[in-house]
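Heads up, the next two complexes both have chain A, just with different partners, chain B and then chain C.
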Partner chain A sequence: MAFNAVKEKYRSKVGEVVLGATKEQGGTRAYTITVGGEAALPFLHFEGDIPNRPVVALEIWDVEPTDWNDCFKPFYADVWNDPAAWAKKCVEEFGADLIVLRFKGADPDIKDASPEDCAKVVKDVLAAVGCPLVVIGCGKPEKDNLVLPLVAETAAGENLLLGVAEQDNYKSLTAACMVHKHNIIAQSPIDINICKQLNILITDMNLPANRIVIDPTIAALGYGVEYGYSIMERARNGALQGDNMLGMPMIGNVGFEVWRTKEANASAADFPAWGEQETRGILWEATTAMALLQAGIDVVVMRHPKAATLIKQNIEELMVKTSFDE
Partner chain B sequence: MEKVSVLFFPDNLIAHVEPGTSLLRAATLAGVELKSNCGGDGTCGRCLVKVKDGRVNVKSTGSISQRAKQAGLVLACQSTVNDNVVIDIPKDSRLDEHQVLLEEKDILMERDEDLAAGYDFKPLCRKVKLTLSEPSLTENVSDLNRLQAALRNEMECGDIHIGLHTLRGLADTLRTGDWRVTVTVTQLNGCADIVHLEPGHAEKPSYGLAIDIGTTTVVVYLLDLESGMTLGKKGTYNKQARYGDDVITRMIHASDDSGLNDLHLAVVNTINQLIDELLSQSHVSEDDVHIAVVAGNTTMTHLFLGLTPKYIRLEPYIPLASVTPPVKAEELGLKINPSAYVACFPSVASYVGGDIVSGTLITNMAKAEEIVLFIDIGTNGEMVLGNQDWLVSVSCSAGPAFEGGGITFGMRAMKGAIEYVRIDSETFEVEVSTIGKSRAMGICGSGLIDCLAKFRDVGIIDRAGKLQTDINTPRMREGDDGWEFVLVWGDVTECGKDIIITENDIKNLLRAKGAVYAGIRSMLKAVQLEEEMIDKVLIAGGFGNYINIRDAITIGLFPDLPPEKYVFIGNSSVKGARLALLSQDAYREAQELGKKMTYLELSVGNDFMDEFVSALFLPHTDMSLFPSVVANNDQKGE
Partner chain C sequence: MFIIGERINGMFKDIAQAIKDEDPRAVQEWARKQDISGARYLDINTGPASKDPVRTMRWLVEVTQEASDLPLALDSTNYDAIEAGLEVCKRPAMINSVPAEWPKMERVFTLAKKFNSSVIGLAMNEQGIPKDADTRVALAMELVACADSYGIPMEDLYIDPLVLPCNVGQDHGPEVMMTLRQIKLLADPSPRTVVGLSNISQGTKSRELINRVFAVMGVANGLDAAVADACDHELIESIATSRIIMNIDIYCDSYVDVYRKQK
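On to the complex of A and B.
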């Protein structure tokens, strides 16, 4: 007797978000990236169309990341004084699909870079690479509300992904994305309801749902990755069941979270049983990302080039179409 | 130890108390009612008083503001006396006369429904005039047999009981009246009980009381049981309020015998005070009141009867009794005829009480073909859904926000409470209207609902209830507890302070409305019905009467159904009690209802919690549940 795969029927699918804009579209990107669009749970190709593969971004800062582990030096030390060169290296040497530019230097406690400085960095990075760009603020709302609108204005037409909007601070960024036609990262603190509420609040301001990428907040392996997993899973299930206000692609700052953990950073001298530090850190980052891929993440933001390579490989394997309809 | 005196101004009332007594307790003893939402825990900050003369020991200043401290105000519950003191009570610390729901047509949007439809007029208690045959040597059965036989001729009844006290007077009464006698008979569940005898044929009818004991308010109706007429209605706040605003605080207070007695006496005194007023107003003597029917939530019924509610509070939430036997008035200390029966409505579960059974009775939903949703919002939100074939009930802890609890300027619906607001969408100028058209003192439930709806409407808050601090008006400002919006400036308020709504107040309101709506959703889910399938929504409760339906839907408190499906029925609890008083069939039906209703415990499973968090938004995170609100917004957007 022939084998019949039991297939789940989904009522809806995840919306697609286009990042970047080519010359014809009013920007200067060499290509655009479309994320989302899944019509089934992650990689269940036989149940529904997965039109876009998850993409891998590498994270760069506008200032030298002095607190990063030494293992990053061989890769980035020559470029991390120059965000444009850093971005270029990430794309050309390490194969990043896109770049996440984090304005750590805008933090008043770090370098207090002015909005104008930040806007200039964005310009430089855009000139250096052809990939779509994600720009994230320093995390202090008062400062970000000055920096991000200017970035949005400077890069008008480039269709950036700007973040982050939070429940308590979404208005100025949403307005900036509306006026200058960018996409927005809606970040919620591991809470499916706030996630949804924020999406409603943003769409209420008339920014279309297909310009929102959800950051439901994730954690590293061993630090609560399962919570991030569970929220992503719930959001995705909601999306597939027809909840439009959860039907957006998702982004997660994997590298940022993983490289804060003791397990990624502690030296082998301190913990001989844990094995060599860099390999351990890379695997820690890759494992965290792999788990989230299974939950439905669309934009994986990595930090270590080797971890990024592993994940790209993993994604390729997962994107091989499975079918039972022989 | 020698007692000290505490003199309260402006009332000029004095209490003599043991040293170490709190000012709150002293005030109670002196007969001054202070606000005390937290029941004397020092957390609500409502019982502020000023020490005019003498010294008090202040245990804690709780969360009272710097300004209040500087003004010399202390928390009455946290201050004890050691010496003679003189205390001044500010107006807004005082528990004022309460606007209790009394079915006044002009203030209620209540529709005139024939709520007693379908029941014959057969009061639980009535006077029967009998003329007995005189005994003789040959016709020599006992006086009692003679009476019983005559009574059986007059009315349908099974067993006839008579109390010893009444029996002792029988022989003389019959002979004094020359074998003409008036018998007061109570019929509960079929059997007849002779509760009173009068010689001759009495002119005066028998009277009865319908009593609603709410956590916040108590309402008593006086009825002429001969004609069925309601002679008077009185309501006041429940004196138990001084032991805490909500049932939980009171249950905690009642966990020992003296606390239980405090609460029992408090509610009996409240009722007695109302009875006093009613009787003197209608010129009825207390001896002529022969029956009382009481509806209250499970905890109130327990406290009224002096039964411990201790285990209702603790998992698995077991009441001492859900069906209680009728008792005699003298056992409770109720100031009516001592041998009068007092019957309480049965409860369904720990948090669905006799008041809901009573409401269900009056709504006639147990006889309806259509599906009816009955919502009673008091300190708790209780709901019943169903029709003639099935009934389910739930209770959700909405909390006291709609009654003013946990809201900075929240107050019960009394004089000076803001009921409606109008806000200009350009200038954010506010116009308010208050109960009694007097100077504003605070905001009551309907005012709060109205505020929430209007705030959202003009963009003072976003859908998550967050104040929009970027709007251009001096009314939006940063206060002691974060951002706040000034509804009324201090120069025109009764208390002289600006009446504000804080972000925290809004959060509390969101939680309250979220709980009610989540309760409705959970119940619908349990019986697998959609909102549209509800044919009629009946809204009862002390605050339910003043709500604007449109507002309530806009904020997501009630389901998005056409307004014509909503009917306000006022205080359904006391009306149900009145119906039972006037109809033995209705009384029996109420007993049945108590058994018939299925109770859904919302604390079991995750459904309620999921529904609750989804409802903490204006109106809801699932906008498809509120199509008319969406349509309205779209219209405005265009």
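On to the complex of A and C.
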């Protein structure tokens, strides 16, 4: 007897968000990236259309990251004093689909870079690469509320993805995205209810749902990746069942989380049984990302170029339709 | 569970007058009001006032659609009137309703297929409303089989187990709840369920309270839709809350608003 795959019927699909703008669209990007649009659970091509593959971003900072593991030096040490050159290397040598620029240096306790300095860095990076750009603040709301609006203004027309908006601090960034036509990252603390509520709050300010990307907050393998996974899974199921306030693409800072763990950083000398440190770290990062791909992540933000390569390959394999996918 | 707004019905004086004068204002006002309040469909019933139900149904559909984009539930026992209404519906509509009787099922399911409509099937036949759940379920099965033979997908078939006023048919209450649960087992995917909510409180002195409590109990037993007063805000709040409790919608602080706006 022939095998008939049991197919789930979904009421709805995930919305699409376009990142970047080409010259014709009022920006200067060489290409745009569309994320989201899934009409089925991740990679179940036989149940529904998966029109856009998940994309891989590499994360760069506006300051030299002094606390990164030494294994990053061979890749980045020659460029991490210059965000523009760093971005260029990530795209041209390491094949990043897009760049996430994190303004760590704007943190008052690190370098306290001024909003004007940050805006200039954004300009330089935009000039150096043709890919869409994601810009994330330092994580301290009072400073980010000064930096991000200026960044939004400076890069008006580029259709950036700006973050992060949180339940207690979303108005100024939402307004900046409205006025200067950018997309927003809505971040919730591993909490599906706040995730949904924040999307409602942002859309209530009239920023359209198709300009929101959800960051449900993820954790590294061994540090609660399953919680992030569950939230993503629940949001995606909600989206497919017609819950529009969860029907946005999702982003996760995989590299950032993984490279804080002991397992990625501890030397083989200290833990001989764990094996060589860099290989272990790369696999830790790639494995975390792979798990989240299965939960529905759309933008994977990586740090190690080799982990990024592994994940791109994994995505490509998962996007190939099988014999069940007619 | 979603609400099919009951207010555009010739049984109500203002609508009867509107029909008589062919003055669309009252109809359109109720269309808008119910839409904003949280209805997902608008029921359209010509009522006893109309001398020409075919003409009246067409007119009601046309003027309602000028005021609201909601899909309509055409409510009549006159199938010519329903057909006339379906011809002018902009969105796939719902036919309200057909009992488990020949040749009525044949006429209605043919119309449903032609116009891509969903259908409310009543769990009753020539012998009237059954007393127990088993007979209701048996009639529901007849509706399921018939709809299936006409190629109507199960998600477009809404079975009404038929609710009687709780002050006359009190013993029907538990039978209706049991029927709601059993209908879900008749097919996979299962047919949907609907009730005429205000029937439960006919002739009582606590109509709104009884309607709200029944609605919540209905959600707990898998009820999918109700022809009801969409402008009863506490009813909407109660339904939205019961959907949260039953894990149908994902909680957020604004869940009532989200439910109200869900179309």
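Rule of thumb we're sticking to: the second predicted complex is superposed on the first by the 323 of 326 C-alpha atoms of A that agree within 3 Å, B and C clash if a C-alpha of one lies under 4 Å from a C-alpha of the other, contacts with A are read in each partner's own complex, and residues count from 1 in each chain.
Just so it is clear, contacts are C-beta pairs under 8 Å (C-beta built on N, C-alpha and C of every residue); 3 or more make two chains touch, one makes a residue touch a chain.
Bear in mind that the values here come from a model prediction, so they are computed numbers and not experimental data.
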item: Joint occupancy of chain A by chain B and chain C, clash or fit; value: clash
item: Contacts of A:K196 with chain B and chain C, given as first, second, both or neither; value: both
item: Partner chain(s) touched by A:K9 [first = chain B, second = chain C, both, neither]; value: second
item: Partner chain(s) touched by A:R234 [first = chain B, second = chain C, both, neither]; value: second
item: Touching partner for A:K171 - first (chain B), second (chain C), both, neither; value: first
item: Partner chain(s) touched by A:Q294 [first = chain B, second = chain C, both, neither]; value: neither
item: Partner chain(s) touched by A:M245 [first = chain B, second = chain C, both, neither]; value: both
item: First, second, both or neither for A:Q25, with chain B first and chain C second; value: neither
item: When the two complexes are fitted on chain A, the stretch of chain B hitting chain C, from 153-161, 369-377 or 441-449; value: 369-377
item: Chain C-contacting residues of chain A that also contact chain B; value: 193, 196-197, 200, 243, 245
item: Touch list for chain C against partner chain A, complex; value: 189, 249-254, 257-258, 262
item: In the complex with chain A, residue positions of chain B that touch it; value: 462-464, 466, 470, 613-614, 616-617, 621-623, 637
item: Residues of chain A that touch chain C when the two form their complex; value: 9, 192-194, 196-197, 200, 234, 238, 242-246
item: Touch list for chain A against partner chain B, complex; value: 167-168, 171, 193, 196-197, 200-201, 204, 206, 243, 245
